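Labels run A, B, C and D following the written order; every chain starts at residue 1.
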Amino acid sequence: MKPSNKLKILNDPIYGFITIPNSIIFDLIEHPFFQRLRRISQMGLSYLVYPGAHHTRFHHAIGCMHLMQKAIQVLRFKGVKISEEEEKALCIAILLHDIGHGPFSHAMEHSIVSGVSHEEISLLFMQELNAEFNDDLTLAIQIFKGKYHRKFMLQLISSQIDMDRADYLKRDSFYTGVSEGNINSERLITMLHVKDDHLVIEDKGIYSIEKFLVARRLMYWQVYLHKTSLVAEQLLIRVLKRAKELVKNGVKLQASKPLSFFLENEITLNEFNSDCLETFAKLDDYDIVSAMKNWQYHDDFVLKNLCDMIINRHLLKVKIKKKPIKQDVLDNHKKTLQQKHSISDHEANYFVFTGQISNQAYTRKKQNINILYKNGKVEDIVKASDQLNLKALSKTVTKYYICYPKDKL
Amino acid sequence: MKPSNKLKILNDPIYGFITIPNSIIFDLIEHPFFQRLRRISQMGLSYLVYPGAHHTRFHHAIGCMHLMQKAIQVLRFKGVKISEEEEKALCIAILLHDIGHGPFSHAMEHSIVSGVSHEEISLLFMQELNAEFNDDLTLAIQIFKGKYHRKFMLQLISSQIDMDRADYLKRDSFYTGVSEGNINSERLITMLHVKDDHLVIEDKGIYSIEKFLVARRLMYWQVYLHKTSLVAEQLLIRVLKRAKELVKNGVKLQASKPLSFFLENEITLNEFNSDCLETFAKLDDYDIVSAMKNWQYHDDFVLKNLCDMIINRHLLKVKIKKKPIKQDVLDNHKKTLQQKHSISDHEANYFVFTGQISNQAYTRKKQNINILYKNGKVEDIVKASDQLNLKALSKTVTKYYICYPKDKL
Amino acid sequence: MKPSNKLKILNDPIYGFITIPNSIIFDLIEHPFFQRLRRISQMGLSYLVYPGAHHTRFHHAIGCMHLMQKAIQVLRFKGVKISEEEEKALCIAILLHDIGHGPFSHAMEHSIVSGVSHEEISLLFMQELNAEFNDDLTLAIQIFKGKYHRKFMLQLISSQIDMDRADYLKRDSFYTGVSEGNINSERLITMLHVKDDHLVIEDKGIYSIEKFLVARRLMYWQVYLHKTSLVAEQLLIRVLKRAKELVKNGVKLQASKPLSFFLENEITLNEFNSDCLETFAKLDDYDIVSAMKNWQYHDDFVLKNLCDMIINRHLLKVKIKKKPIKQDVLDNHKKTLQQKHSISDHEANYFVFTGQISNQAYTRKKQNINILYKNGKVEDIVKASDQLNLKALSKTVTKYYICYPKDKL
Amino acid sequence: MKPSNKLKILNDPIYGFITIPNSIIFDLIEHPFFQRLRRISQMGLSYLVYPGAHHTRFHHAIGCMHLMQKAIQVLRFKGVKISEEEEKALCIAILLHDIGHGPFSHAMEHSIVSGVSHEEISLLFMQELNAEFNDDLTLAIQIFKGKYHRKFMLQLISSQIDMDRADYLKRDSFYTGVSEGNINSERLITMLHVKDDHLVIEDKGIYSIEKFLVARRLMYWQVYLHKTSLVAEQLLIRVLKRAKELVKNGVKLQASKPLSFFLENEITLNEFNSDCLETFAKLDDYDIVSAMKNWQYHDDFVLKNLCDMIINRHLLKVKIKKKPIKQDVLDNHKKTLQQKHSISDHEANYFVFTGQISNQAYTRKKQNINILYKNGKVEDIVKASDQLNLKALSKTVTKYYICYPKDKL
């Protein structure tokens, strides 16, 4: 299973070609844990709005690894010492940083394995793989956990200008066709530097960072939090919640073995042992969609209708407001539904609900973005900018939504 | 379910925006028969080679419809009369021309519903929809069946320069990242004309057509018939064949209801009634992948291993040759496998087999491409070209392959 | 000279194809006044920094006209009545809106024809052409002058979201390769609407407008006001100023006839008669560059060195600061130069000078951008935005620069 | 003038960023001989057809140098030893390979310096620079002259798959907007290898080469030999021919000094000394266009009209035929013109003339393209291809044209 000594390359519509740098990366990609990512949509159900957005976690992870190679090359060019060992570890860590994602990425965290984050599961996967690969992942794990003494390395993997964002913003913009969200990852990387063990951006990159933050903000409101994606994700979360509820009440539900396991058991981080991980590793979008295709013919009014809505794409109506939704508006929609179908209040809550969404384009508190001047001085980008708009962008924006059935239900 | 009178637009990474021209097109897209295409991969298992190639039949069908609108606009500009009724019918016909595809597109035709082509099933779907839509699809069906008196209209849907090819070559090139396969659909369409009721290309488009044919040839050999795609598709066909075989022998196999139906019944075109179509409409890639994920743990040596190969992507070895594979080469590989696993000859055939692939870049006999000169003369492109290379491209190229297990099996 | 009834199309690397809509547009493009724009660089001397930026005013003007056609199509689709006469006038007005630009666009206004803006000269050209084209441009001129009763039409030509900006930002970003400056003109146009005779943007376009303003800001600071472009333009202005000065003092300078005319005569708007316009129409980048190529061997120390700097691209050193340059810094540089070359203070001023640059990403006072909500309400974008960053962007940013010779002089 | 130790990068719309690898390359680019290329159009007068095609020899030369760096990186990866000295020489040689081009590139060779090719002048420039740069260009010159023992190095600079073509096809396609001519230079380079000291292409690249050759063929007929470009170039050649003729007859013509020199003197390769080269180095597109702008008002009927045709773009009519133009057709057009203007036969020949154009997509005789199989075998691409179309493409195609005045003259 060793890769030959030939140039292993992958076609990528975005970067042209991606080179697999060495045999451990190759072997990790070949591993069933990683191949599973081919069956997990990067953007959840967003393809219901953007029909091109069927790209996967697999593709994204490899894209990140590609950008990491570029970043290492740029930093070395500027005199930052990075050993071959560290390079390998950085590539492994970014490749696996999201391997813990469950089906439909984020929806899963709020339903199936509630209380365990995908980062924690990523770490479990890395440890399992480390055992299998004779401790070859030890340094990668150290960096990923923030335990390595060179702090900037973690920042390449997880910060406000990490290789994760550099890839996903570009990739999601590409596949959705929302070209305003496109960022110039190549240029951003060209301007990376390290100062006092922290990742910084050279001062000539100020406008690019500003643009990057605005593009990210646009992607959040226009794509990730698009009202149709939002309602689809909320429905998906409710499908799984209802399924768990029914199972707990002794109702029989057809589902794949791994999905049944997670419907029947409430798993906490402590119980997430090797067997459990093995089962988790068998779970992907296909289990969920197949279950929903089946459940749309189930007897339960709630489950049936939720599944039908997603599978045949006649979703709930959704409205987004700047102010919290008033209780009586919510109540009215529920009353209408209950009168029509004589369902309980608890059941009606599955179809009529409110919530809030929020986004902060730039966070000043945590891992802020620093600008490096030619004279060696370092300054937070908000201060470095010649205008106050970045300060404005560091305020959190919150919006409120309500979902309720269309005429069809 | 009526679309509002607003500009209904879809984001498309390739064309920018796609406009839904009218309410019947909108309603057809909303229909579960069509929404199903969201769950059918346009390029089958090619994403195992090209990780970006997860686009769907849904997206392609809408892309074709978009190009059809452009073609109609160009032809009208040049004085070709096309009524609103005909325009609507053309858009419907191209939108639905591939609706009969089963899971993983082409693999299905050689396994699940053998003996019934996807075009025939497309027609069944159209007729079913026609009943539901108060005969609004009658003209579209006439054109699709070649029964309409204006012959060029069928050529826009099905010929060597139809809107289907104009979209899929561009789209597949885009999503695979094989940029050499990219064609300039917009320019090709700009050069369309109609002469004596036949679709022709204006003479200044000769080099573009030549380039189009060479791009198509490249896509065939480098992408569609890529050896890894090829072996994956062959494995998929064999999974379904084996599954049918086992079911016939009374072995119980877990599968979704629609998949079970087609595993248990051999359906011919005559038996393809409305109920059967309804069941077929519930079948998509998710049924197949979920089944394989389950079957990889089945007791049957053949089924288990075939499924495992696809799901975890350690496929058979494949070699492509210019000459037919010799019998003794085949026999040797089979013998090696049988010695290792003590399986029957019949079982070994699932893992060691040969076949042939062929492609003809340009077909002169059927629906040839005609060039229109400024003086009104029309000539086959092979004659019109100033070089003999198009003549050369109209020869069929055949290659031969052999597949056999790697060390792992 | 009438265009045939064929589809007249132009290749454009940005939009694919541009169609010439009718014969008057065709004839205007053919006119020597307009052909002249082929010889005027859109971005002045920016190609000294961005080697790809050799695109011309000709190309930009046609690009604007293309976007105008799109905008008209979108507005009509939304029910805004625009007559064929108005459509023609809008296309003419945008095509000719910049025809009054002199060589190297903006540099000219500050040297050759100081005191007469390019807009005023554009109007003179339009009036001249109107006479030649039998008053066919009357409505276009009315719109351009703001005298037409439908005010939104002028806004399509000149406002903060006009077709001029929609093209030049996209085009300049494309040709410089500064991809962060790229804007999605197509999407912006899709969101245009007219309310109470004013151009507005539908509310779903808020984030796109924000992105557009930030992209524009980035282009200003990173491209248009790039320090090397800045110094090149300042040198060019000084070349022409010095040349005029020498001519006034009786020094003989080789130059083309039209250039000599403008060096010898100080023309005000009143004196800009038909003959003068005819001479102006013969002036383009080639006259200036050819003159400088010649003048780099002239006896005059100032003229010779200024020309040499531009032609052989060893420009002055330039520093950009957030605060005004102190007088003694300026004086020191001048002293150094005067000691080295024993030139007068007046002469030294040509090589050592300061100045300021400023940009306002969004102007609230004049032609502000209004957002149209679904309920019909209209609001300034600054208020409509969910964050304060647009307010921040409406503050003017000013920077200060100093230029002085490198070692070479 | 030394470059700092910073990463010197240039924006390129095609490759994103181009890095200047070392200080001698930097200094060569800064040299006035090279800066001159900023004022020479890469595609001559093609911008009269493709308004975006204003890119320069300067940009192309730097693009080639960029691709050379990539090629060296790929070859080294595959184990081909290339020393740092050789790398520098290869970059210099490709950077300067076209430095000998005169104004409007090819037109010049047939008029101003007839009998001296641009390659010969490139060599003269290199030798001149070598003296100035302390023999740092010696190895580059050796490679360029084919005198270096490692033959594949010349093939990187000049062969059917050299870096020159890899850049100009991509660049010309990009700037004209003729996207069918686009080639995937990156992929081609990825497939380069060296076998027995010859540049070869790995066998998996066969279809890409085929596509490259067809794209090149398309660019020739559709762009480089586009009938309008063709007639513009022919007119330009005749302008210079007529100017020389007039000068020889004692007529006074206004022109820049360097242009006057070449109009007055017939220079052969032997006479091309250092002074002459210095004068040549001052000649660029601006001298020619400025002269034509002036000469359009000259008394000479021929010169005046030829210049006017180019400057104001009302060119001669041109027809392209598969067979030679018959003498009587030519004679008739001449007669018509002579009757109208009472000019001599010699003068009429400037406006009515025939000629032929030809192109061979692939040349088998000289520097053929060889395919390297995995087993080490090497084969000419024509044989290696699975179809005969490449054989067909190696036939020369010839076409014939006639030019004559439109009504306007």
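Definition applied: contacts are C-beta pairs under 8 Å (C-beta built on N, C-alpha and C of every residue); 3 or more make two chains touch, one makes a residue touch a chain.
Here is each chain with its UniProt name: A, B, C, D = HD domain-containing protein.
Keep in mind that what you see is a predicted model, and the values were worked out from it rather than measured.
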The chain pair with the larger count of contacting C-beta pairs, comparing B-C against C-D, is C-D
Which chain has its C-alpha centre farthest away from the C-alpha centre of chain B? C
Separation of chain A from chain C, taking each centre as the mean of its C-alpha atoms, in whole Å: 43
CA centre of chain B versus CA centre of chain C: separation in Å? 50
Suppose each chain is reduced to the average of its Cα coordinates; what separation in Å results between chain C and chain D? 32
If a residue has to touch 2 or more other chains to count, which residues of chain D qualify? 16, 179, 187
Which of the residues in chain A end up touching chain C in this complex? 179-180, 182-184, 187, 207-208, 210-211, 214-215, 217-218, 221-222, 322, 361, 386-393, 395, 397, 399
List the residues on chain A that touch chain D in their complex, please. 7, 9, 16-17, 74, 77-78, 186-187, 190
Show me the residue ranges of chain D that touch chain C in the complex, using the header's touch definition. 1, 10-14, 16, 30, 32, 35, 38-39, 47-48, 50-52, 54-56, 58-59, 62, 174-179, 256-257, 282, 286-287, 289-290, 293-294, 311-314, 408
